[in-house]
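Written out below as structure tokens is the structure these notes cover.
The first chain written gets the first letter, and so on, giving A, B and C; residue counts start at 1 in each chain.
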């Protein structure tokens, strides 16, 4: 009896607990999937690696998604002074959160630290080498070792951190994010959250257009919730305003509620299919084409991906230089595919070789289903396909090989994502298709020549050459594609936020609704 | 003999009596719980032996237009068997996958539970019975095993032996032996100094005989119950390993893997995770009920209560 | 007793040492940590540079010597990934793990024993069968399923408690409930079977014959004698909880040690892995020692003799 009474009392007490409080008015709470590894300012180049970092650190230039142009932020003007150097005129009257002043000297120190080979930060691999030099109080030269027509694009990925911090307390660079932004970094609670608070001394107060937004909250909190279901639930329960990257099913569910909505936008990520083109089977272009014709892309996108992708036949989307409007995806045509395979088999191509179809676990929502669906569709063509999932390390071992080091009998096919943040086909080609590319299992001399020819070019000329290259790769089925991926968010109706193509979560672009 | 037993049962005498198999069977069949567990185990046996014949659909056949259909949806084909348990995230019939998955899941669960149970119990008894250095050594091995991260161990075995069905059983057994070892040791310690063991020792019984005749029977009941609990844990553990690239790979069905695959659909298609979860639960439940019934039959005093249990409740 | 404790302490140091050495070897066998640190698209020269920075270019013997020297002074080096000292980062996560483990066990232990005892009191009765289903539900339930169901029902539908996060009681309830169910089930099952064994023994008959109430016989006399396996299982469950409740921590965004361990392993962040294993090993060793000491308290006939009598 005693037990029962105790249980009853406990239950009653639990019932009496205050119900979940709504998130405070002066705080915006954002649920993100991945915790950053450290607070290094350079990690602000990607939202997944540095959630909310752009609240605290700013770049010299930013992108206006209405026009697609790069526009001033910490720099007010720039000009090319030779084919390797851009001269920036910097904004005056800007200070870092530690009280030090922002000027050309500070910007140069920060940029050079970010690209110092000794530091070996990821950003160096991502955008390549560059160096900066102060040539006046507010005049900064940034140059690259080789002529680089897309250097300005790259500056969009370079956040500027405090130079004073690097001088006084270099170790704190990994734990304390100090920049010039509208919110200052307050606290990183490992495994939990990052908190930012409004910066009253921000240069951009009252300059909404130039600064790209305004400060509407006292605090911005970025919480780490690895499960998409829970991120969505946090928005539904009123504990968070935004849930990053949710699935199509969750999107539909949120869409039916009164308190929240679902927002989606195209991203720079493309789902592509990389084939070992040196195997006796996949080396044959007819087999590669048959594999593409054998995938019902539209069905996969419509069902598994819930419509959150656009079918494609190329690795970059239409925001990138080198995107070709003339390339349309290979259609779903199993009869034609079977005919091509039969023709190849008649010529002695071993079309019965076992294919390993692999992917990294959790690389995107629905990867498990997508991989199995592709395997099943290829199985219907009579091919011998086995599915395999890898952890990040294991995937690195099978993915990170150049064609020269791939044994011809491997016959491995990977479904993976490529992010073309730099919006330039030349870069994408280097990684995945050039003869020496570190992730390339493809080599085509005709294409390689075009790729080399495009390197020093800029503008329309570059675009035309890259489009030509893109077409050659398409005709030779250098890789297969499923689609360009969209990303979705659950957004509380308490919040005004308009989602941009860069998928950055910047508090200055958010405000309370109503 | 059977009729004799029945008359004795009717007399409901308190003294322990000898019982025949016939009575036990009859009693088992009168007990709805026992019937239920026997039924579940029979169904599992059928699934194990004749999955191909009883499953209404090919467990690997996808149909993306029919994904995540709720339980009871009629077949898309004219006159086809309805999807009693619905379809999964790739439009495959869930019931058929469950039937085919039984083979892998039961083999992994039973195999690794037997392996870890035998090794763990033996080590635990040795540690508890002999004590001293041997006890120290075995128990520090337990400490070591418990402190070493499971994932790292799994990766090591994967690296050394390669993925595969047998290696899954091996890894899981390697990870769980210490549960039995600790329980067996604890009980042995408590019994080692009891008068009846002392007496057995004084009368010149060998250690092996003492362990077999006097210790083991007293350890049996908690260890058998532990065994049934471990089976459920190990079937679930298999899912974690598959996720790392061990053993069963998609699209092959196993219960653990099916649950893992349904993870993203918990709020939109509950049946993907619920039915395989229920299958694991029912397996554990039936084995557990059967084990405790058999335990009751083998123990004279418990048998008495068990035989009388159903009767007392009736008016 | 003191001699015994001293010996256990020495052995524990040895165990910790062996565990760390194994982790060291395992970590270096399994793939190349550098590749994970620098990411998939890094150039070969950068890989070399990072390898030097992390001292991974030295011979293995030398690396091991450095590692042992550092470990002796409780230095596990700087995390490959986070570039901060590893041990403090691990210690930061301890309170969250400890409080959750304590809450889960504080729920599971009394409830599990009560359920088990209720079953044993009237074996094969209706109560017994219901408790059996409840406790077996605990051992076969899929944790993330239970966690997500609780989240969808309580915070989302009813507005009770928090979906996730770390903080006061309203953050605590759901993770603790999720986490306690499995140990509860196991403890209840083991209690029931141990009690049934105990109740079949002559002294219980004698107690009954003396006219003691059944409840008193069960809860006072038999329960104490049946405690050894229950204690062992509880110790195991506590150890598992201290190892970090990876799934519960991931679902609820709980900043415990389990997720840190997984992240460190996935990234082959060896200093971090070594630091977490070190801390967990100490917890496990202490738990097991306490369980052993509780044996002698429960049953004074159990003595842990000095080494060498075997």
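The definition used in the following text is that contacts are C-beta pairs under 8 Å (C-beta built on N, C-alpha and C of every residue); 3 or more make two chains touch, one makes a residue touch a chain.
Being a predicted model, the structure only gives us computed values, none of them experimental.
Two chains share more touching C-beta pairs than any other pair, namely B-C.
Each chain gets a centre from its C-alpha atoms; the one nearest the centre of all protein C-alpha atoms is C. The centroid of the Cα atoms in chain A and the matching centroid in chain B are 45 Å apart. Taking each chain's centre as the average of its CA atoms, chain A and chain C sit 37 Å apart. Inter-chain spacing, taken between the CA centroids of chain B and chain C, is 22 Å.
Looking at chain B, one finds that residues 266-267 touch two or more other chains.
In chain A, the residues that touch at least two other chains are 229, 391, 394.
Each of the following residues of chain C touches two or more other chains: 30, 144, 148, 152. Chain contact summary for the complex, chain A toward chain B: residues 228-229, 247, 249-250, 252-253, 296, 299-300, 303-304, 361, 365-366, 368-369, 371-373, 375-376, 386-391, 394. For chain C in complex with chain B, the residues that touch the partner chain are 7, 11-12, 14-16, 18-19, 22-23, 26-27, 29-30, 123-126, 129, 132-133, 136-137, 139-142, 144-145, 148-149, 152, 185-186, 189-190, 192-194, 196-197, 199-200, 228-229, 231-233, 235-236, 239, 243, 261-262, 265, 273, 276-277, 280-281, 284-285, 288, 295, 299, 301-305, 307-310.
Interface residues of chain B, counted against chain A in their complex, comprise 60, 62, 64-65, 67, 89-90, 243-245, 249-251, 261, 264-268. The touching residues of chain B, counted against chain C in their complex, run 31, 33, 130-136, 139-140, 142-144, 146-152, 155-156, 159, 178-179, 182-183, 185-187, 189-190, 192-194, 218, 221-222, 224-226, 229, 232-233, 236, 259, 263, 266-267, 273-274, 277, 280-281, 283-285, 288-289, 292, 295-296, 299-302, 305-306, 309-310, 313.
Remark: chain A residues 3, 14, 17-20, 35, 37-38, 40, 117-118, 120, 122, 124-126, 174-175, 189-193, 223-227, 229-230, 233-234, 236-237, 239, 391-394, 396-397, 399-400, 431, 438-439 touch chain C in the complex.
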